[in-house]
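As written, the chain order gives the labels A, B, C and D, with residue 1 at the start of each chain.
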Amino acid sequence: MNNLLSESIQQITGQLKNWRRDFHHFAESGWFEFRTATIVAEELHRLGYSLKMGQEVIKADARMGLPSAQALQDQEQRAIKQGALTAWLPHFSGGFTGIVATLDTGKPGPTLAFRVDMDALDQNEEQTPAHRPYADGFSSCNAHMMHACGHDGHTAIGLGLANVLKKHESQLIGKIKLIFQPAEEGTRGAKSMVEAGVVDDVDCFIAIHIGLGVPQGELACGSDNFLATSKIDVTYCGVASHAGGKPEEGKNALLAAAQAALGLYAIPHHSKGSSRINVGVLQAGIGRNVIPDHALMKVETRGETNEINEFVYNQALNIIAGAAKMQGVEYKLELMGAAQSSQPSPRWVDFIYQQARQYVPELSSVVRSRKQPAGSEDATYFMERVKENGGQATYLIFGSELSAGHHNERFDFDENVMTTAVKTLATIAFHLSDFEG
Amino acid sequence: MNNLLSESIQQITGQLKNWRRDFHHFAESGWFEFRTATIVAEELHRLGYSLKMGQEVIKADARMGLPSAQALQDQEQRAIKQGALTAWLPHFSGGFTGIVATLDTGKPGPTLAFRVDMDALDQNEEQTPAHRPYADGFSSCNAHMMHACGHDGHTAIGLGLANVLKKHESQLIGKIKLIFQPAEEGTRGAKSMVEAGVVDDVDCFIAIHIGLGVPQGELACGSDNFLATSKIDVTYCGVASHAGGKPEEGKNALLAAAQAALGLYAIPHHSKGSSRINVGVLQAGIGRNVIPDHALMKVETRGETNEINEFVYNQALNIIAGAAKMQGVEYKLELMGAAQSSQPSPRWVDFIYQQARQYVPELSSVVRSRKQPAGSEDATYFMERVKENGGQATYLIFGSELSAGHHNERFDFDENVMTTAVKTLATIAFHLSDFEG
Amino acid sequence: MNNLLSESIQQITGQLKNWRRDFHHFAESGWFEFRTATIVAEELHRLGYSLKMGQEVIKADARMGLPSAQALQDQEQRAIKQGALTAWLPHFSGGFTGIVATLDTGKPGPTLAFRVDMDALDQNEEQTPAHRPYADGFSSCNAHMMHACGHDGHTAIGLGLANVLKKHESQLIGKIKLIFQPAEEGTRGAKSMVEAGVVDDVDCFIAIHIGLGVPQGELACGSDNFLATSKIDVTYCGVASHAGGKPEEGKNALLAAAQAALGLYAIPHHSKGSSRINVGVLQAGIGRNVIPDHALMKVETRGETNEINEFVYNQALNIIAGAAKMQGVEYKLELMGAAQSSQPSPRWVDFIYQQARQYVPELSSVVRSRKQPAGSEDATYFMERVKENGGQATYLIFGSELSAGHHNERFDFDENVMTTAVKTLATIAFHLSDFEG
Amino acid sequence: MNNLLSESIQQITGQLKNWRRDFHHFAESGWFEFRTATIVAEELHRLGYSLKMGQEVIKADARMGLPSAQALQDQEQRAIKQGALTAWLPHFSGGFTGIVATLDTGKPGPTLAFRVDMDALDQNEEQTPAHRPYADGFSSCNAHMMHACGHDGHTAIGLGLANVLKKHESQLIGKIKLIFQPAEEGTRGAKSMVEAGVVDDVDCFIAIHIGLGVPQGELACGSDNFLATSKIDVTYCGVASHAGGKPEEGKNALLAAAQAALGLYAIPHHSKGSSRINVGVLQAGIGRNVIPDHALMKVETRGETNEINEFVYNQALNIIAGAAKMQGVEYKLELMGAAQSSQPSPRWVDFIYQQARQYVPELSSVVRSRKQPAGSEDATYFMERVKENGGQATYLIFGSELSAGHHNERFDFDENVMTTAVKTLATIAFHLSDFEG
């Protein structure tokens, strides 16, 4: 089997690169993955997977940080111009850019799910010859959108895995589910797929990422330090008045925001672990001589555990409300993103660790976990749901050399990591019968 | 009449001084005027005035800044030891130390009321030979109580006036009411007398003060710049916890108070006139390593008009409540004092101005009004009530040289001002039929 | 003389309207008055006035709130396209858009100066038929620039006055100076002309405004309640860092600004009169998950007197500096505008009052002063300088019905006010020998 | 040897209890341990130890949180009345209540030091029969002083150990140093002994505590989670003024403290580990109508490592200084206490772990370390100094059942723990030659 597998993977190496570079060039940020999703759907359909798409796999009101209806429409038009396959587009229209592809082997066995994400970031890409994507002609052609985190590679890996698994379908048991998620950046998309029930039948779950500081050639089988997080936009709405002539008629939204910002940063530390709070953006007022009637704060809470993040979040809600009360202004809260903390399942990590060491010699190093800088990832929603139902879940990181850090305008990765990832993930699928779940 | 009057006043000059020095020596601060009130009552009764006292003239729950029941009891005992006339004491027991004496001439005519206050301040008096009250043996014998504002003189003037009016009762018309008020300091007592209806039948009203920056020998007939004010004690009550071990279990009352203090000072200015806000005292927390669960703020609002003060006060209420909400703590508000702004009645001021110029040669100067530093006075409650009922009201200031400013530990005044005041007030009463109200 | 004057004014009424509408259509905001200034210069030159322009009358580094060099260049190009007279343009290039025209009668006598301002506001104009300037085809053709305060009328009045005075030059004594000032909005321009010495030789000074709440047909001869003001832009510059990964490496500019904003609003009230403080705009941070390294505050202080404004301003400087210290961030202050309070000269006001009542029957009412809402005006710089040198100065307001308040997008005025203003100002000039300065 | 040791310890069991109860009854809080120190000195002297005391072992200006000279004098007088041995008192007078007793065996070998602390807490003790110290007649007779942390037991253990070691001196090698430290509460005393050089010659160091949540019968050989800490008193000194009359003349210390408090709680979290900040006490102002000219804050910083605590402390200094600048007030900082974090030496912990398991059967459990709630301990100063010099250091906790938590008014411990502690410590001393340092 392993030889056959290696051969199959060999055959799709070029295709992996083509997909990745195509997605990179036509980078689409969260909830705008219209072109990407149609290409993914077409390929999975071609391979014979059974597809669920759009509102079947995304719960509308569980989407967070959704762009305006106008922006969604504009970007869909942009996607059409850039070659989106229009036959598939209606499924994704309006910001429902998710796909779940199922391969039912007909044999008894567990349901194994793989999740990849498809969205780019809201930033410009470096456009100079020193940046390989530019030199090789595949840097982003969309302003303010760039694959600076590697999700283009993740999507390509998902398609490559779909090919290999289908090709050797007879070696598989149970069911395989391939989940293509929108809007991971800002941790906005996973919850809507989980609430649509996408992993309710899943026994074994794997999410992946490339890079993240893991050395080239290494696999971390159970990344365990994602912080739970909440992203909130707070809007204060007061009453403007002339600051010289009628100061008493104003309701000062800027002052409410300033009070809130101070209160937020002063939220108590938690004895059970790390927490974070940030007011990353504050924009208030329109004129020097007008009592400011409007303020916007972009806030983010984090916690080492869900409990700690909830503590910070609940404190924040009180502070935000209290500051409004102090200045007699109205306020509005919008949840723009959220993720959980989640511990990988130990036995599942062990199994993957053993399989990777034994069957994937391309990996120069396999480790169980690796302390990373404190970030957040909404794959944790899938992991927590699977574990709640008694399943096994983990998060794999495939190491790669990077040309610059994630979210940097010069970010790029070593494309060989995609082949290694497909091989590793396929290996786990083919040996799943050895896992005592 | 004027000669007779001058003669009568001559006869009580010594007595005015005796009264004043007795009250000064046994200084009693607000709601503790037990000894003073019994002496006042005895003298008015002796003269033949009809008396109402205690709960007849003070509405219990309209009293502000009342000391504890224990303190009231202790001070009543202290008063007994210092010669309070125990026959009258039951009327005043429990903090009801007000008296209204009425002289009904039986003749038709308006009801004319004079109001004086009786309370000392909560402060120690200078006890050195350079301070005349000490040198002459009448400085306060009560710790933390001192007549440093001249109310001892006001009470003496009230008694002197009672004597003179009674002696020449046949020259009077209508009714005379003499109001002896407790707890003017902190503007705590007037409201309770007004709410008991004490001036509901009054047509012409005069409150008086000595000193206040008016030059020796001058009378200001219509002081018009008292600020409306509210005095609030704010208590925040949170939850203590170990700041190192369990910071997340605390509810931080100190932080709520700090937020509130900042918010209070930031209350908008008012385009219609001056306002003031002060957090004069903040006491919070018990130990360095404990999240503070308790905080007390002593707050004061002021406004050039009642409307402005209410604006500031209402803003303050929101700020105080909002800060509690921010930190998840409980709070309690206690109104410790209040006064209004009040404009004197122009025709009444004019009448007094004419009378004083014509009949009181002892006054070297008579003016209608005089800009004073911004203070507050709860006689304004009486004034506003009288004016609401269609009556006439004003506030007279009798100038005096002072040995030191009001509320200073070396405060003293020129006792001759008392004779002049009695003569002026009596003159107004005797000529009242000339006033076209 | 009066008949002759009336006739002359009659002749230019149409021209006043043409000028006004031309300036209105090609509205130019502060320091961008390139087209306007060339037209003014051409007309004054045509009439035979002696001109000083640009850097001769504007001290470069005393200009406040100057736009960027790029914006100045762009707007100069725009002005050329819109018909600026290029022969005059070099004088004004780079933001030196001021003119002083002198008429020396050769006769002995005082120097009398009139000041008008030429700039529009940074706002869009209503473009609907209900708005007369739009209906009549002279609404602003420049985005974000609109004459919504009447300075288009002031400039026209200045030119009309120049015509009439020149025509009857023989009736004049001493010297006449006509000052055309840029950038009054935001109180940015006057100081630079005063520091260039423009009024150092002036004995009698008049600044004018139309509208401002004064009723149609009324003249207020000595407006006396402009607030002293300072406009400051505060920039905090900290250090960005990832809010989740390295919070301790950040220097939080947003937090500094929030602390400063609270501190600024909490500046004490002043016992000598009104004061104001406003933080009208606060913009900080770039991303939700980044410690904000940049914050901008647009701040404004005001005071009933220069002393009070300076008190507020100095307090503000401490607060701004202290907040920077608290968060370890750098800060930069830029003075964007300033004006003074200034009392008109009583005898000069009286003279104008008498002249206007006697010789300008078009005025249905003449008053000495009129309480206005609290605004600021940088003509006060001229007034203070003239008075310092022993001269006489005042500020005239010509009442007009307005279609909407000043600074409103539908602002318009009754153009007849221009004729009345020219007549009044010329009358003063022609009778100046009657003034005993 | 072990049998001899057990026998010796048997003989002093009663004495341990007597000492402990005597110290408990005459509880003396930090820097006031006059009576305690004289009794300790007398006993150590009687046994033949060589003593250094007072300023020989305490660096005067490294003492933190020292009471006033008056209080020191008063308490020394109190100690005399309660039986302090006056011959020894001069050494300790003025707050120098530390002792170091040395036993030089004359044989080669390392210097082994034991440190105990002697001070009580500033709190009242429960005085009811349910509280054993009260029932048995040895509860504190000193108001506001109580041994609620077990230091009375520590001092008794030190004396018991001194007895046993001296008795079997021939079994020892090198030198033994017994350190009796004042003022551990508030982490105020250790630094002054370390700076006096008390452990500069020490090779092996042990500090001890009883209780702290370790179960009865258990020994933790290397407690490793004390937080580094700094205790600061901050005093703001402004200018008072009448809040109504002259608000602009005040410099508001309360406002500075409120700004600082908010800033302090908002100090960034640290990515390398836990930190804490608390403003435990804030007292400001004297009267409701006075701009507050004085404020006191009791502040505490903590960090999981010295680096983190220093980060928090340095941020705090900026915030405190910046808030003073904002309000134009002066400020004063006083370091009232400090402690470090310190990791125990692994080999030394191992050695003690082996010895205790082998030779002290009284211990039902021996562990290397135990996660405790986050507190601070200034023995860490000794540990860090010893380790800097290449020595070995650790912190031992002897478990005990407690009647109530540390610092509770009903705190009491099982006195048997003292015997076990003496035996364990003596065992380590007698087997020291087995340690390969």
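In this text, contacts are C-beta pairs under 8 Å (C-beta built on N, C-alpha and C of every residue); 3 or more make two chains touch, one makes a residue touch a chain.
Everything quoted here is computed from the prediction, not taken from an experiment.
*Asks:* Common contacts of subunit C and subunit D?
*Replies:* Touching subunit C and subunit D alike, sorted by label: A, B.
*Asks:* Given the two chain pairs B-C and A-B, which is bridged by the higher number of C-beta pairs in contact?
*Replies:* Higher C-beta contact count between the two pairs: A-B.
*Asks:* Compare the CA centroid of subunit A with every other chain's and tell me the farthest one.
*Replies:* Chain B.
*Asks:* When the centre of a chain is set as the mean of its C-alpha atoms, what distance in Å lies between subunit B and subunit D?
*Replies:* For subunit B versus subunit D, the centre distance works out to 54 Å.
*Asks:* CA centre of subunit B versus CA centre of subunit C: separation in Å?
*Replies:* 51
*Asks:* Go ahead and note the Å separation of the Cα centroids belonging to subunit A and subunit B.
*Replies:* 70
*Asks:* What parts of subunit D, by residue number, touch at least two of the other chains?
*Replies:* 245-247, 252, 255, 259, 262-263, 265-266, 268-269, 271, 276, 291, 373-374
*Asks:* Taking the complex as given, what residues does subunit A use to touch subunit D?
*Replies:* 262-263, 265-266, 268-269, 271, 274-276, 373-374
*Asks:* Which of the residues in subunit D come into contact with subunit B in the complex?
*Replies:* Per the stated touch rule, the residues are 186, 227, 229, 231, 242-247, 252, 254-255, 257-259, 261-262, 265, 276, 278-292, 295, 298-300, 302, 336, 373-376.
*Asks:* Spell out the part of subunit D that touches subunit C in their complex, as residue ranges.
*Replies:* Residue positions touching the partner: 245-248, 250, 252, 255, 259-260, 262-263, 266, 268-272, 291, 311, 315, 318-319, 321-328.
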